[in-house]
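Accompanying notes for the structure given below.
Chain naming follows the written order as A, B, C, D and E, and within any one chain the residues start at number 1.
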Amino acid sequence: MKSDNPFVPHMATLREAVELTPDVMLFRIDLDDPDLKPDFSYQPGQFVFVSAFGTGESPFGLTSVSYRRGPLEVAVRKVGTVTGSLHELEAGASVGVRGPFGNHFPLDDFRGKNIHIIGGGIGFAPLRPVILTILDHRSDYEDLLILNGARTPQDLVFASEFDTWAASPRTRLELTVDAGDKSWTGRVALIPSVVRELNLSPQNSVAVICGPPIMIHFTLIELKKLGFADHQIVTTLEGKMKCGLGKCARCNVGDKYVCKDGPVFTLEQISTLLEQF
Amino acid sequence: MSQTAQIRQAARELLQGKAVECVIGYERGTDGVNARPFFAYEAAEADRLIFDQTCTHDLAKYLLNRKGKSTAIVVKPCDSRAINLLLNESQIQRDKLHIIGVVCPGVVERRWGTPGAKQLNACQVCQQHTPVVYDTLVGQPVSEPAVADPYPDVAGMEAKPADERRTFWEEQFSRCLRCYACRQACPGCYCPECFAERLDPLWVGIRIAPGENEVWNTMRAFHLAGRCIGCYQCEQVCPVNIRLSLLNRKLEKDVLGMFHFQAGMDAESPPPFSTYQKDEKLGIGE
Amino acid sequence: MARIGVFICHCGTNIAGTVDIGRVVEAAGQMPMVVHAADNKYNCSEPGQALIRDAIAEHRLSRVVIAACSPRMHENTFRKTVAAAGLNPYLLEMANLREHCSWVHSDGKEAATTKAIELIRMAVSKVARHEKLFPKQVSLTKRALVIGGGISGIQAALDIANSGYKVVLVEREPTIGGRMAQLDKTFPTLDCSSCILTPKMVDVAQHANITLLTSAEVKEVKGFVGNFEVSIVQKARKVDHAKCTGCGICWQKCPEKAPSEFDMGLGKRSAIYIPFPQAVPPKPVIDTANCRYHKHLRFVEEKREGKPPPQCRVCEKLCPVGAIDWEQKDEVLTEKFGAIIVATGYKAFEPAVYAELGYGKHPDVITGLEMERMMSASGPAGGDVTRPSNGEHPRDVVFLTCIGSRDEQRGRTYCSKVCCMYIAKHAIILKEHYPDVQCYVFYMDVRAVSKDYEEFYKRAQESGAIYIRGKVSGIRQEDGRLVVRGEDTLLGEMVEIPADMVVLAVGMEHSPGSAELAQALKVSYDINELFIEAHPKLRPVETMSDGVFVAGACVGPRDIPESVASGSAAAAKVAALFSQEFLTTDPMVASVDQMKCGGCLLCTKVCPFKAIDTQVLRDGRTVAVVNESLCKGCGLCVATCRFGAANLRGFTQQQLLAEVTSLWQ
Amino acid sequence: MAIDFEPRIVGFLCNWCSYAGADMAGTARICYPSNIRVIRVPCSARIDPLLVVKAFQLGADGVLVAGCHPGDCHYTEGNYYSRRRFALLYPFLEYLGIEKGRLRLEWVSASEGRKFSHVVSSFTEGLVSLGPREKVPAEGALP
Amino acid sequence: MRQFISKQNLISWLRQQMEARQLVAPTQVDDLILFRRIDRVDDVILQFQNTATSPKEWLFPKTETLFHVERKDGKAELIPAEIDGETVIFGLRPCDARGITMLDLPYLADPADTLYRQHRQKTVLVGLSCLTACPECFCESMGSGPEDTAALDIMFTEVRDGYLVQAITEKGRSLMPQALLSPAETVKPPAPETAPVPSEGITAKMRQAFDGPYWGRVADRCIHCNVCAYVCPTCYCFDVRDYTNKGSVERVRSWESCQSPGFTKIAGGHDPRANKGARMRQRFSHKLLYFPEQFGPLHCVGCGRCVRACPVNIDIREIMQDVQRMGAPK
């Protein structure tokens, strides 16, 4: 049934649930309404609310890109009741989708620049559409650096795509973990120190960061030291959300709503916010 | 010297001597009639402190926000029991605390803008007019009156037939907005996550409706069994006047009757659910 | 992703005869998350189990409900079944369709079927919230600590050592041997106590697996079963036992004498001494309270007026190996143990509270233990029983029983068990030694309940001892003798018996410091400061604190055979514990969510197993933390925890709530 | 009162005594009414009063809590604590209008199959005569 | 044109309304006066200052189903909730009616909150102007006043033996049968004056006062009881979760308050606004800064309920005075 009630989600079906890490699942979701699909376009950085009926709904950044016309993809880490219920679902299950909401990464502004993608843990997931967009339109952008970090090697998301990314032209993939294991031969370091070590150049560059608050905090410090200006740093803010419409007055940081004005902000914008999170 | 003057003097000395960072007491509120809580951080602020029969708040609740910080606090006898409760439950440190105990003749129901005329129900049957724990005592200890029936309200409710009681509580609980003001005001409510807000297990559903409200109110009271110190804060803050004291006092009465225990009279006695007597007769399972 | 399989057992006709299995299978198949529901003639049979294993594979089941008999019957069977199919064994739940349904509702097929479906629904709801659980393996130190070197501790230490494990035996006195070493003869066989005890003491000293620490006490106990860390205070002896050869010159030449504790003050010993000739280790200690040199040192130190006493130091001068070490201090040793046996024994009741009996006032009123020392051939009197007042042999000896026992007012409520028998022994031996002695025994009841005890008591009577049933109301001195006044309740009249000696059959009491030790060990003790065993009948040498065992009279009055038996029993328990490579802990135990813990610490107070400790987090909060090795999974902490921080694996709040909720779905 | 009223009883039974006692009733084929739904817990001390309150909210007509006899607790003292907890909850629920007779605490040992059956029978009878609980509507109309 | 209705006719009119639709009006509940559904006209209270809680719950219920989830053949289907039946709310004080315009701003802004819109469309708002001012009221400083007719369909003003009637909207006029009315002969009584509060320029001042120790000091005594938000006619925060009962699932929205301890805590435990002062500031910033910047008016109508209800006397009037006095930050 169609409804103009903005709280009533679109019905959708879970096509596939793929285990990305021991506690992160990638859900591929098809909207049920065939008429809706052509209009359902979205940009990297936007998010949707996904409903697990019986528990509730939570917002998740989309990890797919709209122009590929595939199913909607979200990466869900099991942290609470909604994510717990979603993890219990089997392919074929009914879910609800509301959205897309929020602003997006300013990919137009990224054209012709070197892009540094820095993501930690599940925070790397919403950066994937940025990577895909750049790789699919490779000539529009200069060098691409992808830095993906996690607590352990098992916690690195999208590991199956690393080879493809690393083999792409003018693309460098760096992986790091907080704690390695027997099979891990790569870096064991925290993301901020990797940023320092890689000595990223601010020249004609933007840095796109997403991850846990503490990681963002220290990575920003390193980037500033390397000479990145506030407008060259793009990140996302997280806030508890209930509506996605700027109505429930919950996700605001000062006078800005994360759900409407965000979640993507440049550091320049963040520094003008009234509240500091 | 009036109680207000004594409190001011004690507070001034404590703040001047840097014995404490802060004195929690009462000052006059914006209606010019009622008291409101006041945190004095400097000796100069001591003169804002007051004490009179409008000082209804149980300030002990604020100590939960000042863990580890040296604090002086003005307490009435019932509030002093809250301090013992919190000490017993390892929530606060006695050595960080300077307790200014006030001998209390009873306080009045809070009414905005006009001096309250009616003493709180609890005060009418109060048997503790001198604080049970203090460092500075303000006022002269009084001999405690013998109260023949400290629980007339509870007895009245008990005497009603079951269906009448049920109807009464159904109506009361149906009013509940689940704003949780009762919890927020209670010195004994300090769970890091209240069971009512827990999502897993989900004890109380999101609907603000009688069935869910009943679970909330029943278990809120039961979690205070043997712990409620009778400060009446819950009932006073309830925006829809639910008779929460009738719940708490029923449990208080039964705890006293069954286990001979009153919460907060000292900081050491084991609370009723943390001890037992092997051969006690409790009228159940016998 | 929960893919639940439900297997409904016919149990022949046991279930199928009453419950409509077809309907149950159909209903189960409709339940949420159930992807497979099937019935089985006998789930527990090997073919039945094979069907379950196959279905788990075929339907990729992630959780299993077995609807069959009581889980008390077959839960373990089916855990193994699902484990064999590659599932975590704890992802199983049973619905009890037999004991709780078909067998008790055979009169109503319809109702039984409805109930069976609901029981399965509850199990399905619960199993959906099961989590994988893993028993933990904890390494263990295969080394035992025995506290107390009496006969019980000696026996335990020897048995453990003989099983091939290392033992440390801690005794607070300078020698092991305990109370038994003080006894003359033992009832009912009358063999000489030290003759049977001292060889065992020597065995202890010589056993390669036993480390003996005398003059030592347990101070602090940390850790838990398999991994205790115990601090032991080795008290300063002022004699270097590594050098000392036990030649005896020092204690023979020491000029200062003091009452001998071992002889109950009846004899004297020197200030540097061994408690008795057969002491183990046979090396002396200096009693600094009485040592002349120490008196001198104290005099100087306290800057007292007058002339200081002489610095004797005779022992030091005479010691051929230079073993005297005035600088020796108390030392704390911290050692790791896997198990602890408490065998701290008893002390004799102090009879002074019975003022009417005049103990301490009339020299000829003595205790049973004093009589033992008097009778002992190696005792201060060489076995010659004489009246302390005048050194003459007594003619009339009166024994009073139940001194300190069976007396709620002034003594202990319990019967001390051994007094009746040692009095009989005294009476028999006295009569043998001194045929003209007349023994009288005032008694309440004669309790002679072990093998050969009744006969032994008869023998005492036959030897001429006169048993008078009744209590004594007073003893007075008259013409250099004692007159014992009491009531003969059988005759119903007052009697007065003139006596040369009165022996008080004092009972047994906890040894001093029992409560402190119990607290350190986290073992419960009763109002009499006696240790409480885990179960009085079925687990008599275990305690509620895992890895801590009890032997001998620290649990309650015991005679020598019982003490020896319990020592061996405790040793067997330790050996069984040590025979494992690892300790495997049951995963169905409690846990505390530190984020939710408000730190009221009530759980730490109520836990019957003292399995909850506290921990200070980095943010400064103090929270409860469960020691999984000690937790027994009762769940008391869960109901106690208002915060909802404590939970019990296998019976979580979520699981139980799901069961309740499923009834109204 | 409707004759065919079938009360719904939630029974929390401790594993070591009362659950075993219920098993014993089964083994001995002692019939009792089928109204009880048993939830196994390790010890009566495990039972959070919240579970009982929740059962009543959902619509239980009666709740039975059964454990080892005092002194017989498998965990030595759990049931002493549950006795206190339920001794207090019992009059409190009555005060809230949940009649006496809807919550029962019983001590049933592993050998007392007959007692268990008797407890369930008499409890069920008592609930039948009390009739269905007038449930607090979960939905709740607006005031 | 003002008309007159006798008290008797007003009662009959209320009875007609009660029979035709749901009538909500102030009524006595124990010692409180609350807006409740009226089953007996006699229960309607005509003489009162104002109700303990605001009438917003009749348009923005404290708990409301957004949609039901029906399961068919393993597939879920959503049945959106609809508001059926009309309601008349009688006895709204002008400030509370003004409060409804505050709810309108976020909820009717595109995309409109459908349920709220339905409530709004199916509800007739009947006001009762104030003849005396509550001591804690400051409506006139907040753009309302004793005779403010914002959001109202009909306004009654009590005079001798009856009421002056002012049908403001078409909806109101259609509901007011002329037969019950007569021309007004009595003059309108003078409106009471309310105590002034310095609201002028408060938004700019709030921005200046944002940082600094002030909010922490005020928050010291705040117990985060949420009562202010629950009695407020303009607060509109809510929580949304699914509610399962006896197997049926629905998505439910219930009131919540920005002062509640877990309001901004996200799954995983992080709470960006865990600080008491920041939480306190959020309430007043929303009322006096964010809302006016987003929608225009201050988010307060000066009804004074929070002033009266706050157990620790956190008084928005005092806060506005303090903020006005505060200089620009360093």
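Here is the rule we use: a contact is a pair of C-beta atoms (placed from the backbone, for glycine too) under 8 Å apart; a residue touches a chain by one contact, two chains touch by 3 or more.
Computed from a prediction, not measured in an experiment: that's the story for all the values here.
**Q** How short can a chain-to-chain path be from chain B to chain C, counted in steps between touching chains?
**A** Counted as steps through touching chains, the separation is 1.
**Q** Which chain has its C-alpha centroid at the greatest distance from the C-alpha centroid of chain A?
**A** C
**Q** Could you let me know which interface, A-B or B-D, is made of more C-beta pairs in contact?
**A** By the number of C-beta pairs in contact, the winner is B-D.
**Q** Rounded to the nearest whole Å, what is the centre-to-centre distance of chain A and chain B, using the mean of the C-alpha atoms as each centre?
**A** 48
**Q** Would you kindly tell me how far, in whole Å, the mean C-alpha position of chain E lies from that of chain B?
**A** 31
**Q** For chain C and chain D, let me know how many angstrom lie between their CA-based centres, rounded off.
**A** 37
**Q** State, to the nearest whole Å, the distance from the C-alpha centre of chain A to the C-alpha centre of chain E.
**A** Chain centroid spacing, chain A to chain E, equals 39 Å.
**Q** Which positions in chain D touch two or more other chains at once?
**A** Touching at least two other chains: 49-50, 54, 58, 77, 81, 85, 138-139, 143.
**Q** Tell me, which residues of chain E touch at least two other chains?
**A** Where chain E meets two or more other chains at a single residue, that happens at 34, 239-242, 244-246.
**Q** Tell me, which residues of chain A touch at least two other chains?
**A** 80-81
**Q** Any idea which chain D residues touch chain B in the complex?
**A** The contact residues of chain D facing chain B are 49-50, 53-54, 57, 70-71, 77, 80-81, 83-99, 105-107, 134-140, 143.
**Q** Going by the contact rule at the top, pick out the chain E residues touching chain C in the complex.
**A** Chain E residues touching chain C: 246-247, 269.
**Q** Touching residues of chain E toward chain B in the complex: what are they?
**A** 29-32, 34, 52-53, 62-63, 135-136, 217, 220-221, 223-227, 229-231, 239-245, 252, 254-255, 257, 260, 262, 276, 307-309, 311-313, 315, 317-318
**Q** Show which residues of chain A lie in contact with chain B when the two form their complex.
**A** 80-81, 84
**Q** List the residues on chain D that touch chain C in their complex, please.
**A** Touching chain C: residues 8, 10, 15, 19-20, 22-23, 25-27, 29-32, 34, 37-43, 45-51, 54-55, 58-60, 74-78, 81-82, 85, 117 of chain D.
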